[in-house]
């Protein structure tokens, strides 16, 4: 399923760009993230616990950044296994455009779930994916803003 | 940790030790071997597992055995032995309102509950009362006919008694 | 399809329940009617360490009138919404919604509080609560607060109830003279999740409708108040023009989800048709 | 002499009483000593390579007895391949119990856990580490055939399973000369059986004697006896399959499934009973699905509306592997052969492509092929009527094969012994009050209420002989067997190979036997469903229980009748030919006077055979097998009508009424026949309006629960009025044909015509099932 959207972030494209590769920011931004380990410059392994209504599952998986055009765009892809609940995977193409002191982040994501989650949750998967995407960028914005005000780690 | 529960099933006091995760349906079927209560979906959508819990029809798959602690359960076996559904059983038989028999427990429970609250249901009311009971074999019409006939018999009997 | 193992406790008070929740470090789920929780356990879509049964808590039961509000305990069963005369008189949209909720045996066991706390976007009672401008009584360790239904439903399956808090009761303001209501939904089969549903309440005066309250469901992540449609009807008599204006206003009120089985355009179309039908058939509250 | 006292009567089913008392005995209810419970770890992906499978933690979990993977379980069982010789050129990959290396659909079993309870087995499933490298799944049949598309599975060289063409020489000329041609493209959704009792099996191998007993919820126990014996290398007399009460089957439970085979294998390995009962989610992703056809079709007519020809192209999507032992080609094969069957249509071309994709298998389910062929034909007939401005009744009157024109051979080569289409049409018109309904329809349209009337004629294949499967090399029996005996007390017992799933097999067999022996059906006990205690036979499939099973019982009954009369003749010193059986006694044929009771015959033959004259055979047991001869199938016919209201603003449909006129030959039990038809109709209406297995573009089934997969329920289904024509087949003494699939065959076709009739004033049309509100609103231009 395809999701797309746009977020205006209170930071410059350079700041947004570096945050996209910042483990600490991503950890705060990913909804339900329990741990995030950096495995290379562009990849992370994650444990995420999601609770949406009657569904609560812990996903273990990887997040990778690719197709990198520094400062402009990249693809964020992830794949996680939720054990017998099934799996989720997705890739989001992220594009940054400066707008004054702010940055407009546009994304086009293709998200899929499989196994039991797909078999049983279809009615609500898209809304859930949208909600989680929204939370991710809201958290990302918050983390970005905090990062700006806090001393650099 | 297992829990000790006490309940009344078909008039008999029952004491069992169960895991909290055990559903009332599994308690009835596996522990008490009351296999007339069937499982068709285990999520409250098919109606095969209906039992009477403290006098109302509920899905035994959606109630945990521990929740039923201290309560009264009546299953198809109990209703059969008590004679309370004898007329329904007869009209179901006459009208061939069952084929494989797997939904029959739930159909009888829904019919029993319906007639307890509505002595003269219309066909549409009967169909509505069966809206949570799935039958793959009959096409439903015979079941509606059978419940309607049982209601008529009861009404006629009541009139006769006046 | 058997549940994973968990512990179970039957709470005797709300305080009991909340402390059990705290002791479980939040790895707990409250159980009211259980008709959403138990299937999700059986399907192993969640695996809490502890289930806290709320059914024995006196504070969560009972239906009573206080100062122009009807207090409905959260453990009130769906079937009571259908049959209880106090609910019929003072929270009539719950009574009107009840026949559309699932099937008889589900209604025997499912609870009003459970439905509201679960907040399924296709569920009937949440929309009825919004349309009636109900307030939800939530207990927390800090005390008790009342949240208007408009603020209660936050997102898909998300309400103003914070982890560990308990929904205790639903408060519904009593109808006033001239109050009219309407409730309907379009579903594939009887008792199914609605494709679109509508709960409407208003006060009919000689000069037209006042205090129009419209909540639509299954058109978004939670019940949606149709503010533009409300405004389009306010002060007007119900006639074809007024209905058409309200239907047209839904374009702005709604942003329905889009998926192949139910395109957004279909939900919007159905919402307009349904709203028109409900408005044309508003009934006075007896 | 044959009494017909009970054949034709509405006898109630004795076995229904057990179910009404809560005393049914299903495989699901069975608990055996030392029994362990199976659960399966399944692939969450539609296609991929198994990179890692680690079951060590699961093996250590509480309650777990054993964990099997392909490596540890598959070697015990020979692979099976779902191809048949008479489908020339068809291919399919061999199958194993657990996925080896590659997973082929979401739900494909990968590992099997055996534990003391199902809950513990499911707990352990969570501990299995399964890593699958995702591969691009093939999810669409048209796309599957495009060059460069990946193969659905290893072991095949293209995604085309089978292709065939049937064509008469005059086809092109017929279209060239046609005054009118109508055409359309149709899509028939994937749906599934959803038996209320899921698939269930308890396998019990006793190593001390080498005896394997399998309690199996199936309609074909002898077939499974053979499958288990062959695949596991056991003598078939050491394999006993017991099918007790079965909670619905409808064709779905006669296929070989990974899980049942694995359960038998595990029992052989462990030497103790193993139980598997599919839960509802597992049922949706492992039971066979049905239909899934895309058909483009055109029909040629002359200026008077006489049908000249049909030209049909059917593409059917069967999932990853063809089923065993009947294949997944049989349905498509029937689709192209049943097109236009009720009509005197001289020319025809039917093309069939059977295509693989990464989904669960499709295969035979009630009314195999009929609903597709019927819906396409009847939709085009209605289109033709519209184009020619003829009433739908009128165009059918002009084209249905005349009732006196038999025997008749269809353009596709089917041979019809004798059918009654015109009588059925006339009766339908009468019982439904057709003219009044049309008048009402016109009146209501003025009020903005849109109702439609749809009609569909059909034929149904019943009583198949070996031409169905046997000729293709399948070990599927087309014959049946019965043992009838008189007990020492003069009661009757019949053990027969046809099986009971609630349709009333045991009751009709009792009626048939009773009439041969002059007793009441209550005096005839019928045993079915156990390969150790009943003779071998085909059992229940393709509408053969009454026609073939009934004839088998009749002939067995007559054989015993002759034996009884021979003994009675000896005892009474009378010519057996002067005696008959009636009222539980031997009577004088001429006067009807009682001569000796059956109880007395039983007593003498059992306890005092010494008193019988020298050379008198005291046997009171008769055995008879019967295989159909004559026509390859006994076709039945009928016609259905559907009355539907369409809410043109919401696309919601309301089924107001349904009518069926059916000719299944000799009716043994009207009560049961009518209920078979009603149940069948609802199984046709379900997929016409509600049922559909939805898949996403990754090959995930996305509505695998009874909350999201919409089965027909009481509130939405109509009352169904039924009438009969009786044209017995002359191929048998009994004259009965099948009826189980008739309702399903044409209900959807009638419904689609009714919806389109309702939509006609708006110029909208729908040719896809299920006919959902979305599709109707789309047709109306609202979405």
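Structure notes:
Each chain carries a letter (A, B, C and D) given by its place in the written order, and its residues are counted from 1.
Quick note on the criterion: a contact is a pair of C-beta atoms (placed from the backbone, for glycine too) under 8 Å apart; a residue touches a chain by one contact, two chains touch by 3 or more.
Quantities reported herein were computed from a predicted structural model and do not represent experimental measurements.
The busiest chain interface, judged by C-beta pairs in contact, is B-D.
Compared with chain C, the chain whose C-alpha mean position is the greatest distance off is D. For the pair chain C and chain D, the distance between C-alpha centroids works out to 44 Å.
In terms of their C-alpha centroids, the spacing between chain A and chain B amounts to 49 Å. Taking each chain's centre as the average of its CA atoms, chain B and chain D sit 29 Å apart.
Residue numbers of chain A whose C-beta contacts span two or more other chains: 1, 84, 116, 120, 122-123. Shared interface positions of chain D, defined as residues touching 2 or more other chains, are 119, 126, 279-281, 694, 705, 707, 713, 715. Along chain B, residues 19, 21, 42-43, 128, 131-133 each make contact with two or more other chains. With chains as nodes and touching pairs as edges, the resulting graph is of another kind, matching none of line, ring, star or complete.
Checking each pair of chains for touch leaves A-C, A-D, B-C, B-D, C-D. Across the complex, chain A meets chain D through its residues 1, 81, 83-84, 86-87, 89, 112-116, 118-120, 122-123. By the touch criterion given at the top, residues 1-8, 10, 31, 34-35, 38-39, 41-43, 51, 53, 55, 79, 102-106, 108-109, 189-191 of chain C touch chain B in their complex. Listing the residues of chain C that touch chain D in their complex gives 1-5, 43-44, 186, 188-193, 195, 261-263, 265-266, 269-270, 273-274. Within the complex formed with chain C, the chain B residues making contact are 1, 3, 19-21, 23, 26, 42-44, 47, 50, 56-59, 61-64, 66-67, 69, 109-110, 113-114, 128-129, 131-133. Residues of chain A touching chain C in their complex: 1, 51-57, 84-85, 116, 120-124, 126-128, 130-131.
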